[in-house]
Amino acid sequence: MEQNNFKETVLRISGVNPKKCMRCGKCSGACPNYDEMEFHPHQFVSMVENGEIEKLMTSPSVYKCLTCFACVERCPRQVEPAKLIEAVRLCVIRQAGQNHLKPDQIPEMLDEDLPQQAIVSAFRKFTK
Amino acid sequence: MQRIGVFVCWCGSNIAATVDVKKVAETLGKEPCVVYYENYQYMCSEEGQNKIINAIHEHKLSGIVICSCSPRMHEATFRRTAQKAGLNPYMVEIANIREQCSWIHKDMATATEKAIILGRAAIAKVHLNTPLQAGESPVVKRALVIGGGIAGIQTALDIADAGFEVDIVEKKPTIGGKMSQIDKTFPTLDCSACILTPKMVDVAQNEKIHIYSYSEVAAVKGFVGNFDVTIKRKARYVKEELCTGCGACTEKCPQKKVPNDFNLGLDNKHAIYIPFAQAVPKVATIDPDYCMMLKTGKCGVCSKVCAAGAIDYKQQDELVQQQYGAIVVATGYNPIDLKNYDEFAYSQSPDVVTSLEFERLTNAAGPTGGVLLRPSDRQHPHTIVFVQCVGSRESGEGCGKTYCSKICCMYTAKHAMLTREKYPDTEVYVFYIDVRTPGKNFDEFYRRAVEEYGVHYIKGMVGKVSPENGKLMVQASDLLDNKQLKIEADLVVLAAAIEPDPSARPLATMLTTQMDTNDFFTEAHPKLRPVESATAGIFLSGCCQGPKDIPETVSQASACAAKVIGLLAKDKLLGNPCVAESNELMCNGCSSCEKVCPYGAISYVDKEFKMPNRTIAVRRVANVNPAVCQGCGACTVACPSGAMDLKGFSNSQIMAEVDAICK
Amino acid sequence: MQVEKNFEPTVVAFCCNWCSYAGADLSGNNRIQYPANVKIIRIPCSCRLNPMFILRAFQRGADGVILCGCHPGDCHYTSGNYFARRRMTLLFSMLSFLGIEKERCRVEWVSAAEGAKFAATMNDFVATITRLGENKKLEDLRCKK
Amino acid sequence: MQEVIKQKAIELLSSGKADRVLGWKEGEFFYDITPAVFTDVKEIEEKFVYNAFCGPNFSKYLVAESRKDGKIAVFLKPCDTYSFQQLLKEHRILRDKVYAVGIPCDGMVDIEKIRQKKIKGITGVTEAGEVLQIDTIYGKKEVAKKDVLAERCENCKSKKHVVYDELIGEEGDVLDSHRFDLVEKIEAMSEEERFAFWQNELSRCIRCNACRNVCPACTCEKCVFDNPASGIDQKAAADSFEEKMFHIIRAFHVAGRCTDCGECSRVCPQNIPLHLLNRKFIKDINEFYGEYQAGADMETRAPLTDYQTDDCEPSVILTKGDQ
Amino acid sequence: MKKISLEKLNALFAEIAETKALYLPVDTETGAQYQKWEEGKTLSSALNTVRSAKDFFFPQTESLVHFKVEGKKIEIMDVRDEGAPFVIFGVRGCDVKSFELLDRVFLQDPVDTYYQNRRNNAIIVSLACSEPEETCFCHSFGISAADPAGDVTAWIKDGEIIFRANTEKGEQLLAPLPLEEGGEAKAEEARSEIEAITKKLPLQNLPLEKFKAENLMDFFNDPKWASLSQSCLGCGTCTFVCPTCHCFDIRDFDTGHGVQRFRCWDSCMYRDFSQMAAANPRLSQLERFRQRFMHKLVYYPANHEGRFLCVGCGRCLSRCPISMDIVKVIKELGGERDAK
């Protein structure tokens, strides 16, 4: 029940129909951060389709996605995996206290090369 | 006044169990003009048919109504019965009291009442039936084949074999088509030229076949059995009848920087050229965009070296008019343009090639003389990546196609296998989504590539190809091993989707045939009439109808020829008599009907009419060609004045049925 | 109220010869029932249906008229149903503009394979017409018995 | 303007550019102007008029006139040019037999509207700018021209001439009219209200056929309603069904061909707003199949002889209207 | 004479409607039309109705006989209805005159009993025209707008309506009604006022003198018909609004269970008028146009002691889509012609 609810939520937030996927793997072929990710874009698509959302939610992969949209751009069937990943991430951070980035973690991450904007967008992306 | 006979069939118990057939017959017998009625167990049996024949004779019936099964079942039977009795077959109407009455109702009273109403409607219609005669039209015993690829060649040869004249119109200077560019054929690996060129010679030598090469179809008029086609013969600046094909001109021509389209631009040719050694007709052609003589008036070398005096710089396009009984469309396909596939770096690196380009690179007659060298540095490639489904099976707005191009899996396997055979030191990777091998010996062929030749088949689409330091970085995911691969390749071969030739769409308009949204011609029926178009007399051969490999193309080409022969063997064509007819006195000449006719059956003539007070007026009126009309009736509704009516389904007949049902 | 109960509508169904008439036959072959109120008139193609015929049916006492043809794209004559679709859309819109109940006319695409759909369509259409009651707005009183 | 046009008519006739001139001829009163074919310069000088009562659309006359010997010159107001071009498109007029002169139009006055203002016994009208000065047997009256404009002119769709050989005055533009407002209002009524509305309107029909006979889209050699073989011929509406039948079929037959010239409503002796039926079709066509103006060009396919594979289904109307 | 205050007019209508159906011109959005009186309807002040009063006796469609068909059996059914007395109130002089002209057609032997029944049942209350219009030319035909005929004549003057019974039927109508005696002076006053206005009307002295049987062929062959008929659309508006036009067609309507034979108006202006031997003998619009006016101005007078078949009501003047009317025809043809 819970699982279905998550699946429904992910599908609603993303507007993606994973059934359109023909399992070609071009998304993962195009992914520049493939090796960093536990689950790869094509797996997101099939796992969402199979309702295995919680597995995805607990994986660091959701934060590793660069949101570069290469997978969206390359997908021959307009499945848009990045939107699914984003939706899973939203499912996580919408749960109370699930902010992935906490303000007190920031100081230790700071170095000279980190642009200000990156911090701002990281907050946008990883917090509620 | 009609004299109508009503025959009610029991169909054993199929009808009689739920419909009181006796009551139906008796009630319908009371209808005006019904002079005879009868009910019988099996009207379609010989005994039943004899009853009808006798009744027609005895009661001088002018029309009959059969209350029985669906007209889709036995209308033809009862029409023949009527004809046997000397009654026009179109004076028969069927009331469907089985499929549409006894079988769907349980209550006897209800079903009987409905059967009576359906009978009344049929009687009301038959009141207004008129005897119809199918029109006849003669057949010109000559066929036109548009396109001189393997499909066109095979169709033409088969038709000519049956003794009919055939003309082939080919827009290129030679026939042969794509097959002439291919190196070897799957799954047998025969040399393509070895099996194609003898056929091309057969065509050239066949007295019944005439080739219009370097020509296009400019206009098509007429209809099945009587097409009137205008063929544009483009000026090739060489007199075809004089040229011996010796090739002296092509060697001496000083303009050497003409991209060679036969080799897909991988090398250059001269401004005067013969596409390849076995070209048919083997006649030189001048490319007017590059010839210095034609462009500036200075040169004339070819003319000087031509011993036959065949060069004619003043040649003009020529229009030829010819009549045909049947037209075969064999316009073929092209690989799609890949310039928008940035991820595969097709536009960025010369070492990313299409499969057809790869064919030329491996062909002994190709730019490299059959030695596999990469285009950029003419070095032997050691790692080759094949990418399948490029532009096929895509959805959405992109430049790709939604369909599977069907031939790529097999030719990629062929390329991989041949490469490994000739150059065992080469690593060959094939990235696939699915490998589709439904064909005789196809899967075996693919398995051989994997098992015997060691081709690396990897499930997963390539995501990115980027040229780096003279190499090509191929990034792809291996879906089965769940890892991302980065392969440093020397050559990347893209299995580009195939699409119909661009000449097909304007041709379809000329022929009034239908196309699907991908510009493939639509067959008359996807299962049962796969080689005919919906327009009578137009047939489809080869890839113009959908992606096909060579064996399929050849079998369709022969099937198509069989259909054409079947048509040309007839002296006269009998039409469907239920066709539209225009009442010229009422026609406004407004062209509404013409615009909705899917068959181009309606034309307009200016005709003189006697007007009030002895004046004469010339009016534009519609004229339906009964040989072309298929009787759909679209025109009858488009016509505001009601001048257009449909025989067999006239306005008054349908309204009479409506009246009978609603009263 | 009792009158409504006994009301048996007259429904005319125009079916194209190639798909829907065959679909109706199939529904017979499979013995799928639909009300006897439906009487089918065979026409070569849905594009043969002149708006005149629909009005004529209403005039003569029909309570509902339905046109069945091949699915768009499947027309035996390639484009007939596309023309029919435009004509019927405009005609129905006009009837509605004149205040005629819009459910009285319908177009359904029924293929030769859809015997069950044909029957279901007819069941639904007859139910709709029964609910609407007698056609009063487009009747010709002279044709009443 | 009358003088300019009159001079043009004289010039065309005397220069031999035209053998006949189709124009307006003065009547007994200021307003009862009759379309007439002039062949004689003197007659033009004496009788030719062009004023705010020159409503008739000449294009339909050209069906017959263009088939006579010689060339006919015709004066066409902007809206008339649409009908003219539509008839050309349907091959009803022989173009080379017609010399078309586009003339400007500031809107035509509806004499009925003046009468509705209880102005009786009208003997003369003078146009003084925006005001009409009216002489009657019961004294002088004044009305603003805009208050008595014909409905079709209030909602003028275009001041542009879409086809002509020569243009008098300046070219106008296609206007952004509110011509569908009333249609929308009716659409917004309940089904019963709509039925009552049209029942009231159409029941007045006397089947005089003026709407049909004036309509430039109704140029059939033989109308289905006059043709006993059509099965729907009628001379009078013997039942209220036949009133509706006639108007539905007529509107359907001109659907996609009607240029919305408004002649049908102008001539209806019973003042039935027949143009609303045509406008309903035009509005539907615009909504369902994309903007289409009949007569605007020679090329575009008429909406009913055209289709798109993704056209809306007839069931679309089930979800429309009935607020 | 009798009179009543206009304020009590509606009460008077109610009184009449108690016993007989009462019809009168009522204002509608689209002009005055005859309607059956019921509570709330008031007399129109318009000069004339859009449709003429001939509808009462010669309706646009009328069932003549029905045939019931069952199988091969046919049964004939007479659908005639004797009808009941009714009152038409407020008929103008022109329309009253039209009844006389129609009577000469329908009541001639053989008598049209359908028409006769209704004619006998009707009681006509005419109303003098207080405000004639510019399109009126009844005076050219010797009709008095100031003192119209009918069973009762009425005048409206200074808030009162004055009645004068002209026939026995009229007397019987007025007798039971709550009217005051008197009003002669006011009626006379109204009459002379109207006559004074009539003299001012623009359509005076139409040249009718030459329209005589002896000039028949001259008129028939007059070349002016060509230009007159040129712009005629061939619609039937003039004939349908005309109070004197009386052409009709008899048609059969198949009801599905029988046939209804009915009569309906027809128009000589129509192309499909009078399908003699399958075609209208008058092939061109010129011939059809000529027929209508020749009938009104020459043929009918020739057969009816010089009475023209026009009452000058002016309906065709205001309704013709292209403004080609009988006045223009009379002026064009009757003008400069040399009398024989």
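Each chain gets a letter, A, B, C, D and E, in the order it is written, and its residues are counted from 1.
Here is the rule we go by: contacts are C-beta pairs under 8 Å (C-beta built on N, C-alpha and C of every residue); 3 or more make two chains touch, one makes a residue touch a chain.
Source: prediction; values computed, not measured.
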Next on the checklist: Going only through chains that touch each other, how many steps at minimum separate chain D from chain E?
Outcome noted: 1
Checklist outcome for this item: Listing by label each chain that touches chain A and chain B gives none
Checklist outcome for this item: By Cα centroid distance, the chain farthest from chain D is A
Item to check | Identifier of the chain whose CA centre is least distant from the whole-structure CA centre | outcome: C
Checklist entry - Quick one: which chain's Cα centre is the longest way from chain B's? => result E
Next on the checklist: I want to compare two interfaces, B-C and B-E. Which one has more contacting C-beta pairs?
Outcome noted: B-C
Item to check | Centre distance in Å when chain B and chain E are each reduced to the mean of their C-alpha atoms | outcome: 70
Checklist entry - Measuring from the mean C-alpha position of chain B to the mean C-alpha position of chain D, what distance in angstrom results? => result 48
Next on the checklist: Suppose each chain is reduced to the average of its Cα coordinates; what separation in Å results between chain A and chain E?
Outcome noted: 87
Next on the checklist: By the touch rule stated above, which residues of chain B touch at least two different other chains?
Outcome noted: 596, 638, 651, 655, 659, 662-663
Checklist entry - What are the residue numbers in chain D that touch two or more other chains? => result 224, 227, 231, 238, 304-306, 309
Checklist entry - Considering chain C alone, which of its residues make contact with at least two other chains? => result 51-52, 56, 60-61, 79, 83, 87, 140, 142-143
Next on the checklist: On the basis of the stated criterion, which chains touch which? Give every pair.
Outcome noted: A-B, B-C, B-D, B-E, C-D, C-E, D-E
Item to check | Parts of chain B lying in touch with chain E, wherever the complex brings them together | outcome: 30-32, 612-613, 659-660, 662-663
Next on the checklist: Per the contact definition, I'd like the list of chain D residues that touch chain E in the complex.
Outcome noted: 27-29, 31-37, 56, 61, 111, 120-123, 136-138, 204, 206-210, 212-214, 226-228, 235-238, 263, 266-267, 269-272
Checklist outcome for this item: chain B contacts chain C in the complex at 70-72, 96, 98-101, 103-107, 110-111, 113-114, 117-118, 121, 514, 522, 534, 578, 596, 598, 630-634, 636-638, 646, 649, 651, 654-655, 657-659, 661-663
Checklist outcome for this item: In the complex, chain E touches chain C at residues 253, 255-257, 260
Next on the checklist: Could you list, by residue number, the parts of chain B that touch chain D in their complex?
Outcome noted: 517, 585-592, 595-596, 604, 617-620, 638, 640-643, 651-652, 655
